[in-house]
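Pasting the structures in now, so scroll down.
One chain, subunit A, links the two complexes that follow: it is found with subunit B in the first and with subunit C in the second.
Up next, the complex of A and B:
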């Protein structure tokens, strides 16, 4: 534990090796969230034999200082301190709603799906703990549309109910396949029975969210970490990661050779040990489609931490890392993704639904042979006009992504002005869904 | 007393800035309706409408400020300081000056809430912004009855033009209330407009598409 953090003394003994129990402290080794081997779903019996019973149930608020000491931050992308959200909602005057967010609208990310598929009971443990900590009686799990996954989750919930593990029933809620569906306020809208579109803040969802009640929204991976911290304590959690950004996280890795994998890794791991950075890779996208491109040689100097990535214009986000092969066109890839991002605008705020398509079209121009020289300056001007505007961070994230491409792929732009391209065939590399929103029903 | 003298300068200034304020406020209301219906000024990008609406409203406030300050400073009629913001307390034409005070108060509220828009609930801001019509309306009645400037001549025609413009724009706004591109299609509509062969870059592409490498990309 770091000096200066306060943890109730009585709780301290709980974190020592739980003697007399059948299963030992797992050590700080990874993986923590997944079983040591195999990608087979962990059923309730296996889960209960692997982990001890949940502490802190029926003790509202007690877990909050423990999480503060652990330094757990949200794993959905924003890296907001978990204990602060919990404290804000626990102090609310009305009974809060607690939602586990597994919408994972980012097409390049698979980690929430994988976690929900393989370790559903860790997430459900975390959901119960969070709910009891803030005194909630309404709990939901917001999951992207996938019948197999949702059926398995419903079965897991039913199994736990039968075993009388959970005091609060969990409802599985369907998230539409929209990029923005997992944004907190879009989630609150959707669960309140409206389209999954972001709302203006304030009020923030922790003040007024689902059905106007204070709402605690945590990414499903965050909840799984929370369930482990409750059992093994902050010291154990800090056994991985850096002092400022402790713990481990799930990452979706896209290798230059086309392999796509979800791994659990410590924060502070060198990027070079996660994605191949050899001569076959020209750049790395970090932070997903709201993140930023890094030149491969720069990425080799950085670790998976906001301390390293923020100064480079990027961030850890939800742990998406994609290595772009040397024989692909970074501008064409960025243009393709930006077009998708523009079409995923909820169409509510002028700067977004007017600005992003313009930026996307201009980038499409830059991606074409002998582009109009005005396209880049137009794009930079529009980028400045949409930044910081609108109800959510969709314009900001898209602009970050586009700007980084203009910086990193400057050489490629010069090639285009000469009518050449590193990949005239324009083979797509980054994953995109087959279709974007076409009518109102797509947002429900 | 004929012509503008030292003693009447403030009075004339107040009347003149009052007329300009009315024109500016009318412009702000018209642009506001255009912003609300997502209209655009011919030949300008869409953000120009929003930018002009904001900047013109700040200019209007400046003129209103001069109008009010000169009215107080002028000694021809005495207007108490409090009567500027507290409606219907003026000893001189209490009702008609009072409507000016109502308008001023509403304009101040609109400015403050718009500056704090990012920090307040969107719904509250929208609700309060409806008061801009009331602000304009009370300013119009105030302008008509607190002086006789608008009762004849060019200024009367100008005033009538202002009323008609807002009335017509109001009808247009109501007629278009339900008519807008559905939210889901807005980005796609803009993208369609921006795609090659349409919009600002029309006619620029010289080489036949099929001859260029990578021509099949969209």
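Up next, the complex of A and C:
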């Protein structure tokens, strides 16, 4: 979804409270991050009339135990406990850099763009609070090149500065349009003036990131949740979600009928109530292009939680769910996306640089009529060779995606060996960018 | 704490010297890049491993605490 298009809202919001009662506890209803109705950007005046002033400003460290009690985890995909990152950076000997990560390189994900477009001040609240909590004086918001969105964010930052809301200036920083641009070490490289390519860890970014300084990187949605937890407390946050995976999250949903929405939902919501799982759907991709396919009948038994999805070989990730229509070829779709993923390799690590294009080509062979029977064996061998051998998780995620396709679309592979396919026309379904990286300048 | 031998894959250009110096821990994949056995380096191999680390033409080999993975 491009900014400005409709963002559907879950029903049952309790945000709209009578005037004069707005400082009360807002209840556990959703949405929390978006306004109760409409998809118009929330300006500063409206934001300030809806939310109380930010607590914990000028109180380094105080918010950390609150976030620990809330159980907030990162919403960028890795689901790492937020308080641990904050504590690690707050304890550092040098002043840290704090970056809000709005680089949403995943072509199937719209949630960060939508949040930045509609609720910029919630993200900026969280960014400011995170910076004050860890004693940072250098704050940036890293977002993909998009003039409309970036102009609005710059205006929001300026408006807050004029209202003397923020003590630490916020810089808007360009992220190149690459799949891996938002990977933490790629982000740190980019902001340090180098190409946005991942680097080898250790040192981790929280130890040595932007310009060699300890760097706190949080996804923009994580920051918005942080700003609400500061105001309403851990118990309020835990009023949604499960005990182990509390709170709500934004999801980008791709329905089998082609509809594409961003919704806010509780962790633990049945997948079947997020995407249509009727006879029109054969499989569900969860976790995006580093995630895994689930057969539709299996997806119907699972909820949106790592507790359910990890044993099924997938994960919640950044909340991308795509229902593949029954009349599309899952192998052809996976091959198309894998080719894209291979082209999005930064080309730095031998196994990824060599393995991903070969895996993509072999999957392309499996997607063709009467494929060479060696293609699957080759692919599985290469998959084993690239796994765990990159500086980042790009090879691992790609292999997870490919392996799940072989498992879930076994019947389709059998059809191909007979020279048949459920969709000989090969109509594309999963979204891909029009342009892929062709030269090193594309990473700047 | 015994350290683990690892390769920075962004630095490695597949010279393959490591596989010659410590074949007990390093094999090469079909593209010539090292596959390194996981876990702490056995004391008997310490000397060879140190030599591999210092002799790597692009200094891509590292001895790191095992928790780093």
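Convention: the second predicted complex is superposed on the first by the 421 of 444 C-alpha atoms of A that agree within 3 Å, B and C clash if a C-alpha of one lies under 4 Å from a C-alpha of the other, contacts with A are read in each partner's own complex, and residues count from 1 in each chain.
One rule holds for everything that comes next: a residue touches a chain if its C-beta (ideal position, glycine included) is under 8 Å from a C-beta of that chain, and two chains touch if they have at least 3 such contacts.
All figures in this text were calculated on a predicted structure; none of them were measured in a lab.
K.L.:
After the subunit A overlay, clash or fit between subunit B and subunit C?
P.N.:
clash
K.L.:
So, A:426: does it touch subunit B (first), subunit C (second), both, or neither?
P.N.:
first
K.L.:
Scan A:403 for contacts with subunit B and subunit C and give back first, second, both or neither.
P.N.:
neither
K.L.:
Just to be sure I read the superposition right, which of the two partners does A:342 touch: subunit B = first, subunit C = second, or both, or neither?
P.N.:
first
K.L.:
Looking at the overlay, what does A:442 touch: subunit B (first), subunit C (second), both, or neither?
P.N.:
Only subunit B is touched by A:442; subunit C is not.
K.L.:
For A:199, decide between first (touching subunit B), second (touching subunit C), both and neither.
P.N.:
The answer is both, since A:199 touches subunit B and subunit C.
K.L.:
First (subunit B), second (subunit C), both or neither: which does A:356 touch?
P.N.:
The first partner, subunit B, only.
K.L.:
Taking the superposition on A as described, I'd like to know which of subunit B and subunit C A:390 touches: first, second, both or neither.
P.N.:
A:390: touches subunit C, not subunit B.
K.L.:
With both structures placed on chain A, which of the two partners, subunit B or subunit C, ends up touching more residues of subunit A?
P.N.:
B
K.L.:
Looking at the overlay, does A:368 come into contact with subunit B only (first), subunit C only (second), both, or neither?
P.N.:
A:368: touches subunit B, not subunit C.
K.L.:
Out of 41-49, 77-85, 185-193 or 203-211, where does subunit B collide with subunit C after the chain A superposition?
P.N.:
41-49
K.L.:
Kindly list the residues of subunit A that each of subunit B and subunit C touches, one partner per complex.
P.N.:
Shared contact residues on subunit A (touching subunit B in one complex, subunit C in the other): 197, 199-200, 202, 348, 350-352, 354, 385, 391.
K.L.:
For a test of understanding, state which residues of subunit A touch subunit B in their complex under the given definition.
P.N.:
197, 199-200, 202-203, 332, 339, 342-348, 350-354, 356-358, 360-362, 364-365, 367-370, 372, 385, 391, 419-421, 424-426, 436-440, 442-443
K.L.:
Could you please specify the touching residues of subunit B with respect to subunit A in the complex?
P.N.:
It is residues 38, 46-47, 50, 119-122, 181-188, 190-191, 193-196, 201, 204, 212-218 of subunit B that touch subunit A.
K.L.:
In their complex, what parts of subunit C are in touch with subunit A?
P.N.:
By the definition above, subunit C touches subunit A via 8-14, 29-33, 35, 64, 68.
K.L.:
For the complex, give me every residue of subunit A touching subunit C.
P.N.:
197-202, 348-352, 354-355, 385, 389-391
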